[in-house]
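First chain A sits with chain B, and in the next complex the same chain sits with chain C.
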Partner chain A sequence: MTTATVERAERPGRPARSKEPGPGLLKSIARAWDRHWYAWAMVAPVVIVLGVLVLYPLGYGVYLSFTNATAQNVATDIGPVHVPASYHFVGLHNYWQILSGQDGDFYPRLEWTVIWTVACVGITYSIGLGMAVLLNRPMRFRLAYRLALILPWAVPAFVGVFAWRLMFNSQYGVFNDVINVVGLPSQDWLGTPFAQKVAVIIVNVWCGVPFMMVAILGGLQSIPNELYEAAEMDGASPLQRFTNVTVPGLRPVTSTVVLLSTVWTFNMFPIIYLLLGSNTSGDTDILVTFAYEKAFVGISDYAGAASYGIVILLILVAFSTFYRSRIKTEQS
Partner chain B sequence: MSATTQRGRGQRGTGASLALHATLLAASAVAVFPVLWIVFISLGPDSAWQQPGQVIHHLGLSNYRFVLLHSGFPHWMLNSVIVAGATMVLGVFIAASAGYAISRMRFPGHRQLMWVFLVTQMFPVAVLIVPLYNLMARLDLLDSYLGLVLVYCTIAVPFCAWMLKGYFDTIPREIDEAGRMDGLSPFGTFWRLILPLARPGLAVTAFYSFLTAWGEVAYSSQFMKTHYTLAAGLPTYASSIRANWGAMTAGSVLIAIPAAVVFLLVQRHLVTGLTAGGTKG
Partner chain C sequence: MRRGISVVAMAAAIVLGATACGGSSGSGQDSGKAKDPAQVSGTVTYWDTSDAKVEAPTYKALIADFEKKYPKIKVNYQNVDFTTVEQKFKTSAQSGKGAPDVIRTDVGLIPEYASLHYIAPLDGTAALTGTGDFVAGPLNTTKYEGRSYAVPSVTDTLGLLYNKKLFTQAGITAPPTTWDEMIADSAKIKAKTGVTGTYMNPDSYFLLPFLFGEGADLADPTAKKVTVNSPEAVKAVTEAKKIYDTSSLKIDFANAYDNMQTSFKTGKVAMLIQGPWSVGDDLTGSAFKDTANLGYAPVPAGSTGKPLAPTGGQDLAVYQGSKNLPAAYLFTQFMTSTASQAEIAVKNGTLPTRTSAYTAEVLKSPQIAGFKPILDTARPRVALPQVGSLFTPLQQEYIKILQGKASVQGGLDSAAKQFGKLLPDYAVQ
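On to the complex of A and B.
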């Protein structure tokens, strides 16, 4: 269909172009419009929604990040009285505050955010892969296992988080009883910073494994059986079949889910925020939850939150650009 | 044919079989336990979370009665259903038309659009929430269903369009050509021929957008002042002077069970739909 459209559109276009050497910008826009208006019309709703509700706020956020806006100096209406905004432009001051480490312990927080992301994505991916490989074979009760393993995905994150909060309770929580049975000592899971960090990772892994598992299961099913048969004929052991057939066959799925879940985990807001709530000592805040608290707890520091947000966004854009270009060179 | 070869490969000794089932049983237990635990606690008296052992002797529905009759829960539920339902319908429709255009038509900007879809996944809540709050206030959309639905669309639509583009790519182009031959417009082809074929992909995106809206916390707790959704309402049980964990668990169960039942019913489609999007996106 592509070739058909291109040919149909190009043929009448070509003589026209040779007759008029400089058709001008307007004309080429008009021609592009004639050819593509249908496609543009079909993407227009998305573009409008994203433009108004993402690009505009983003631009406004960038603007705020160059000011010193807080809840005290933005424009407000107190009753009938309109108080105009009194914040002003401060240039790169906010960014300097963040990057020099004066505002909100940026570097320790970044370090914890990276540890959190790598740990969550790594553990989630490994467990998801293991479960998918186990499920991807004929056996009894397969459907029952699959339904059970998918269940955490079907539960809204905030509900899952409350269930875990109850289970992690240091005095009455069932989690300590369970790990005592295995022989591990009880912990104050939501009390000390280190235990809190372990706890949020456990909850995030619990929530994240089903998505990984389902995606990888789909990837496994798209690997042709003949490849396994051929490997078996050649006398490859199960481990060799895994490393030489399964892992390369999963590469497209892997690269997508790892990129997506890295981005999602880096920005994961509800789990940390709801699991620890006001109990957090601040050590457990990743960049996003810290920025959210800046914006909405105490005197709202809109400018500080916005600049934190922009820094987070830049980190993620840099990471994914790098990641995608590496995937591309690997594939070619 | 593939069945016979699989059986050949899948043949296991008793030991391997036991190990396989033991691992899967253990994993399933970990996955299911937290959910069963809140169901269990919710059936006890409202102090049950402190004495789980007592629940068996005092089974009852008092927590549910409180949640449904003496709290804002039904109202929050209604709000959530409206918002999530509208997000689902609007989100899937605009994501599908955009995904179709990107999959089938080569137009200036289609690469950039895919890139924008990926980048919007990276936007932290913190950078958008303040400007969005201001924008919503100016448009008088704070505390309104429409405002929240539009905000949720910005979260759900890019991912859905991305997945659906991948799904449409797997549908043969000959079908489009046949439709055009019969005199359908591109939109007619999309609407009458491709959408019905893409049902599994649509199911995935529908549920993705529904669950996004059903479980979103940050925006709904800041933007909704009277029309609380479930995510904004449920924490109010815990923020009072004495946290009412009984109500919390009962509310959680009421929120999770319907979502989980529907989710498990469509999960077959989820696998096919997600894979198509995931691998070819």
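On to the complex of A and C.
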């Protein structure tokens, strides 16, 4: 409060810019510095950290994506060995390779990534919504249910994924034991690319539902009860109440969680990588796991991995922009 | 104060001088050039990739001996999981931050590390002494473009492990020597005992005996040709697919290795193509309570008539940017000496890489005695820096072929196309 008043008290003393000839850029920066140096100093650590941790690597990634850098041709300076960098600019070649489909990997991976994302987000949201509605009613042991349903979220991803891997095991897994008891033959749960795709979606949904449920539960509790009472007075059926009160009331929460979980799922590395290990045909690789392989298996293809990274980033930026603008027009 | 130190140093020098005599004979004469090993000092960071519970204690005990022998050298032992070590080492070697001085590495990675200048050439250094004593196969794995970049530490290859009791029950007297015999024996075993013949591992490393048996390989560096889709390779993979279809349990692709081991050691399959490293695990299973029940044989031969398996194993390599190269060389030398190798072999059951380390005591171990003759026919993988990268597309296509999603020819053609991208100056057919 006091700072605000001080600020305001100072303001009248400011020279009116429009009347006098404008001060030079340097001068105005110096003046801004004089007045706000404290604010700059406070912000500086964040700016520096962001610069070092986000902007520099991002910029470097963009730079690499325009070159043909691999582990073999970057500058090497180890002990007595000094090999100068021999990679060079290739312009948009990497992007052209990817986008024209010439590398043969991008479009099949993109197609599966989109299917994976849509399926995961759709199913996770539906289940999360259903559970949130169930848990939003007064009931016994509500806290216990909520805690139990949060469990998958609390367990580290790799622990959960390995547990699923054990359960899916076609020779020694619990799923087959269970269906054998019922008299059904053992299934190869991870046997074919299609089965593997189904399996990774199941595991990702399992990991993602708690977040959805908690977020939607928060949204549900912010819908005023009077709206439901009014709707009931007007003779609305439960379904009508759901579609006309709950769904619109949840819209702000929905748009945020769907956006978030789309971005997360699109880049969901650990579930696919850990559930299937390396013994796959590569069909379940999404763009991110594919880029990882480029960067870390064998001789690193820095340029290729960087271009994939940038393409993934652009896809997500484009999606978020489009999605946000859709939401905005819908809401206005 | 001063005097105290020099007395200790002298005492140490005398003790070391006495113990160092036995080891190397060749380099000792080369006076002037070689520094007195006793005067070398520094810290050696060592990345060990052996099994942290079962194998590592042996290595740690050896390191204690080493530190006793060279009191001025301190060893910083770190156990790194072998599944992540490659990536960890590459990242730290490239950036120069946090890389170890000595690393235990899979033999298949030597050409790659050498081509990237991560590991130092060792010819003429203290690390590589008495080379005439090394078994030829493992020694060949250290070579890249005519120089040696590592010292063989332990070696292995693939052989045929089998359950003798099941063989007797099925009335089979000798292990199969060809792939077709393996199929026939599996059928007999299935008929007589109800047990499945084998469990195929879909890992591309385990495909190599099939390829080598037909005279095929991944690529031909002299002709600059990708040969993974040659007619011989097609024949080899067709054979592998046939064995999978007729004689193997269904592969659980996400758990292939673990399930293979469990099935074999609990007696659910009768034979495996496996390496000596697995024997310790096999012997914990119910089928091999009696260790004599485990049989060892060379891998079945392909149509060339020769049983050929890849030379695997672990080498010690020295990081090119090590600040303590002399100490690192001495450490490498010590850990790969005959005495150390014999010690490791007795305690861990791994195969030594020096002929002199196959002592009577070492050969008492059934798995070493069992695998030693197999080793003689083993051959190294093609020494290309990209060999690690090549295994990924090969494996993916091999899995598709086993699953029936791709034909043998189609899958291998597609692998060859991927190889072509990794080996730009190679011809692909």
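Just so it is clear, the second predicted complex is superposed on the first by the 281 of 332 C-alpha atoms of A that agree within 3 Å, B and C clash if a C-alpha of one lies under 4 Å from a C-alpha of the other, contacts with A are read in each partner's own complex, and residues count from 1 in each chain.
Just so we're on the same page, a contact is a pair of C-beta atoms (placed from the backbone, for glycine too) under 8 Å apart; a residue touches a chain by one contact, two chains touch by 3 or more.
Note that the coordinates shown come from a computational prediction; the quantities given were computed from them, not determined experimentally.
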item: Which superposed partner A:Q72 touches (first chain B, second chain C, both, neither); value: second
item: Touching partner for A:L147 - first (chain B), second (chain C), both, neither; value: first
item: Which of chain B and chain C A:V263 touches, first, second, both or neither; value: first
item: Chain B versus chain C as contact partner of A:F296, first or second or both or neither; value: both
item: Touched partner set for A:G122, first chain B, second chain C, both or neither; value: neither
item: Comparing the two partners chain B and chain C, which touches a greater set of residues in chain A; value: B
item: First, second, both or neither for A:P80, with chain B first and chain C second; value: second
item: Touching partner for A:Y172 - first (chain B), second (chain C), both, neither; value: both
item: Touching partner for A:T192 - first (chain B), second (chain C), both, neither; value: second
item: Which superposed partner A:M131 touches (first chain B, second chain C, both, neither); value: first
item: Shared chain A surface residues [contacts with chain B and with chain C]; value: 169, 171-172, 277, 296, 300
item: Sites on chain A touched by chain B in the complex; value: 1-2, 4-6, 32, 35-36, 38-40, 42-43, 45-47, 49-50, 52-54, 56-58, 60-61, 64, 127, 131, 134-135, 137-141, 144-160, 162-164, 166-167, 169, 171-172, 174, 206, 209-210, 214-215, 217-219, 221-222, 225, 228-229, 232, 252-253, 256-257, 260, 263-264, 267, 269-270, 273-274, 277, 287-288, 291-292, 294-296, 300, 302, 305-306, 308-310, 312-313, 316-317, 320
item: Sites on chain C touched by chain A in the complex; value: 87, 90, 93-94, 96, 112, 115-118, 120, 202-203, 249-257, 259, 262-263, 319-322, 325, 385-386, 388-393, 395-397, 399-400, 403, 405, 417, 422
item: Chain A to chain C touching residues, read off their complex; value: 71-72, 74, 76-81, 83, 104, 165, 168-172, 188, 190-193, 196, 275-282, 293, 296-300
item: Interfacial residue positions of chain B with respect to chain A in the complex; value: 2, 5-7, 9-10, 17, 20-21, 23-25, 27-28, 30-32, 34-35, 37-38, 41, 49-52, 94-95, 97-98, 100-102, 104-110, 113, 116, 118-132, 134-135, 150-151, 153-154, 157-158, 161, 173, 176-177, 180, 186-187, 190, 211, 214-215, 217-218, 222, 230-231, 234-235, 238, 245, 248-249, 252, 255-256, 259-260, 263-264, 267, 270-272, 274-275, 278-281
